[in-house]
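Pasting the structures here.
Two complexes come next, and they have one chain in common, chain A, joined by chain B in the first and chain C in the second.
Moving on to the complex of A and B:
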């Protein structure tokens, strides 16, 4: 009896070895799931939360009212705001709105909290730089979209 | 079909030169030997470069990656770049290493592989020496590899390389037995050890038809002989870093690498010659059929590598001695019985 059991195990094992080979062959014939990164890129989903950006209004300016809610909620304290008051104007005027993307944790709380829809997270993700200063985004940089990525071959 | 006319043309040219200038007659065979040696060494070098690229490509595609893509068309000259880098590297020797043994081991690993190619029939007439003890010579010479691996592992004076060397020696010695026993069936059928004659004997039918079990045993044992997964415990990365060759760098490491890949092709070529009819095939030249059959076996070994997990040492040993060896004897017995009764 033992002999038959052993023989059965051998046959079963051989069968599974064959199944394994079929599996690898199938995988070999499938399309590769990796891409040649700098030359090809994955298409981002429209709601992918990449870097922080400001939503431009009709004239191309920003919508910020300097209410500083984003500053209050930012857990990483990466936003700095300079504002002043002027006679006869309601609310504040923005002098500078600077985001340090080196500190940003991409949580999106500032976007959630903004009452005026001035901030959004755009699908741009290639923001690495050689200099820390390049991570500091002021208003024009925050308004700009899809800076054409450069790479050397 | 291709190699033979070229070689005979070269010989005629050389004989002409020797006669014109009145040189001694032993210049002719001497020049032939040099040409053969250069041809085989060049063939092995190109072959190994191609095989490494092929391995990387096949493994990448099995894992649904692309593999090397940058250097040349689909990375086809990537290995050349890698080889150039290896040559430039510093050749280090560990402080406590056994220097003479450490230095000679890589060459001891590579030389037998080159020598073994002497008896491989690449095509019609394209064989360096069709020895009458061809098969015996082949297995006798490739066994020297064990000594090289053990010497390299020992001389490195590192526990990982020593363990790798020991494991390798145990494995190679164990699998040598079923390997040779599986080949004996073919020798009995052909009635000769001459590789050229064995190819001729497969004119009507490939020996794999008469010796299916022998072929299976040969392929399994050959996989173990060249230290490929699932039998790659001598260089099990997760356990031994890299086995017997950890302490080697630069050109010496490249020699071990060359030997490994050349050996892989060698066992495939022997399988093609002994079981799959060698260079025999319709319409196309014999060299093409020989390479096609050999590369089919090489691809099979590569697929093994990316399909099967590594065996444990005890599993490896019990598989060789308790399973493959009885099967090989059974194969031998049945072959002998049929030959006697027929």
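Moving on to the complex of A and C:
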């Protein structure tokens, strides 16, 4: 009796191994879904949050009014702003606006809180560098970009 | 030489982790072995402690939202939903129906993504490489849907107080239709590869059995608890978001061994798929964000406890507010910690080869344990 039971188990095990092999072979014949990264690239979705950038106005300058709402909401405190007041001019003038992308957590809250549409997340994601200083983005670096974003909030 | 001295064995210690690949992160076990049997196990946790609770108490409510994504990074939306619900309950905000449905869709997609990883990694722990590739391939389908809606692949930052950040993009509906059509056939393939596979069954059936009473005593929740035969699921017993309207029946299995814990998750993927289908069909129109909610809310004084059914179990959040713009006390009850707490008792007396299936079947994630 035991012999028959053992034999039955062997047959059952072999059958399910065979079913598994058929499934794997079926999947092997399908079109491959992987891509060869440096040569091929993903097309990013329009909403993809890549690195932070500043939106240029018509003259190529920035739209920042130094209201410092982005500084207030940033969870990682990666934005620094220097501003001063001038007589006769309403509001503040921006001296320096520096983002440390090494600290940024890519949450996009600064873009959401900005009332003047001065910031956006662009689908540029290959920003690795050899030096920590390369992650510090000032205004000219934040305005320059390689890719244009498609999605505007 | 007497028989006693001839077969005298000596205990020795084996150190597993914290860098061992099958500990799914940084978890260390000091095992005392007698031959191939485990005599004692001393678990060490805390390698990934980031003091999330203290960080929440030092930040504005909105500033903790992206941080909550990082408590459990494989199913990050559940933590943000709990955070938002706690604040909404204290501020008495009514969330629009569409926002509730969107949160539900995203949560169920995230659950499928998390369970696909479990399927792949659990099989990989047992030496099967093929399911690992399949699991990650199917995860990519859900990741696409999540990424096109939220903008990120893992740390979504999608929920807001009183709703969600954005409505669904137009590309969502054709993609989700394709996903709903394709996914059940993929789950059938999973069943064909592993369900009756002799090696898989021999290594998981009747290994690490946990009875219902013991599971309840240790505070187990989620699929682990339901695999032990306890019929409890927050989505049915205490419905939140849109679950009350959808109607949901949890998957309950009886044996409580590694095999049943694995099956419970595969069957839960099927029910999640059904829920997504129902949600997309019955998606109400309307706004996705309640009106006039400040970005920097001052939450009224009071306390609240919120529970959310994450893929690993019940995620609890206790929030005590004193009327300031920061929480006074922020306590997290993470499911993985309770699920892991039984590991010593489960490992006593088992073979060395059974350690990996037992640990893998609990589906703990270490940032969730240590937080």
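One rule holds for everything that comes next: the second predicted complex is superposed on the first by the 131 of 153 C-alpha atoms of A that agree within 3 Å, B and C clash if a C-alpha of one lies under 4 Å from a C-alpha of the other, contacts with A are read in each partner's own complex, and residues count from 1 in each chain.
Simple rule for what comes next: contacts are C-beta pairs under 8 Å (C-beta built on N, C-alpha and C of every residue); 3 or more make two chains touch, one makes a residue touch a chain.
Source: prediction; values computed, not measured.
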>> Per the contact definition in the header, classify A:90: touching chain B only (first), chain C only (second), both, or neither.
In response: neither
>> Once the two complexes are aligned on chain A, which partner has more residues of chain A within touching range, chain B or chain C?
In response: C
>> With both complexes superposed on chain A, which partner does A:36 reach: first (chain B), second (chain C), both or neither?
In response: first
> Touching A:109 in the superposition: chain B (first), chain C (second), both, neither?
Replying inline: second
> When the two structures are overlaid on chain A, which partner does A:27 contact: first (chain B), second (chain C), both, or neither?
Replying inline: both
>> From the superposed pair, tell me which chain A residues show up as contacts to chain B and also as contacts to chain C.
In response: 17, 20, 23-24, 27, 33
>> Applying the document's contact rule, which stretches of chain B touch chain A when the two form their complex?
In response: 58, 60-66, 69, 303, 306-308
> chain A touches which residues of chain C in the complex?
Replying inline: 59-60, 62-67, 130, 134, 137, 140, 144, 147-152, 155, 157, 165-166, 169, 171, 189, 192-194, 196-198, 295-296
>> Quick check on the complex: what are the chain A residues that touch chain B?
In response: 17, 20-21, 23-25, 27-28, 30-34, 36
>> Which residues of chain A touch chain C once you look at their complex with the stated criterion?
In response: 9, 12-13, 16-17, 19-20, 22-24, 27, 33, 45-49, 72-75, 105-109, 112-113, 121, 153
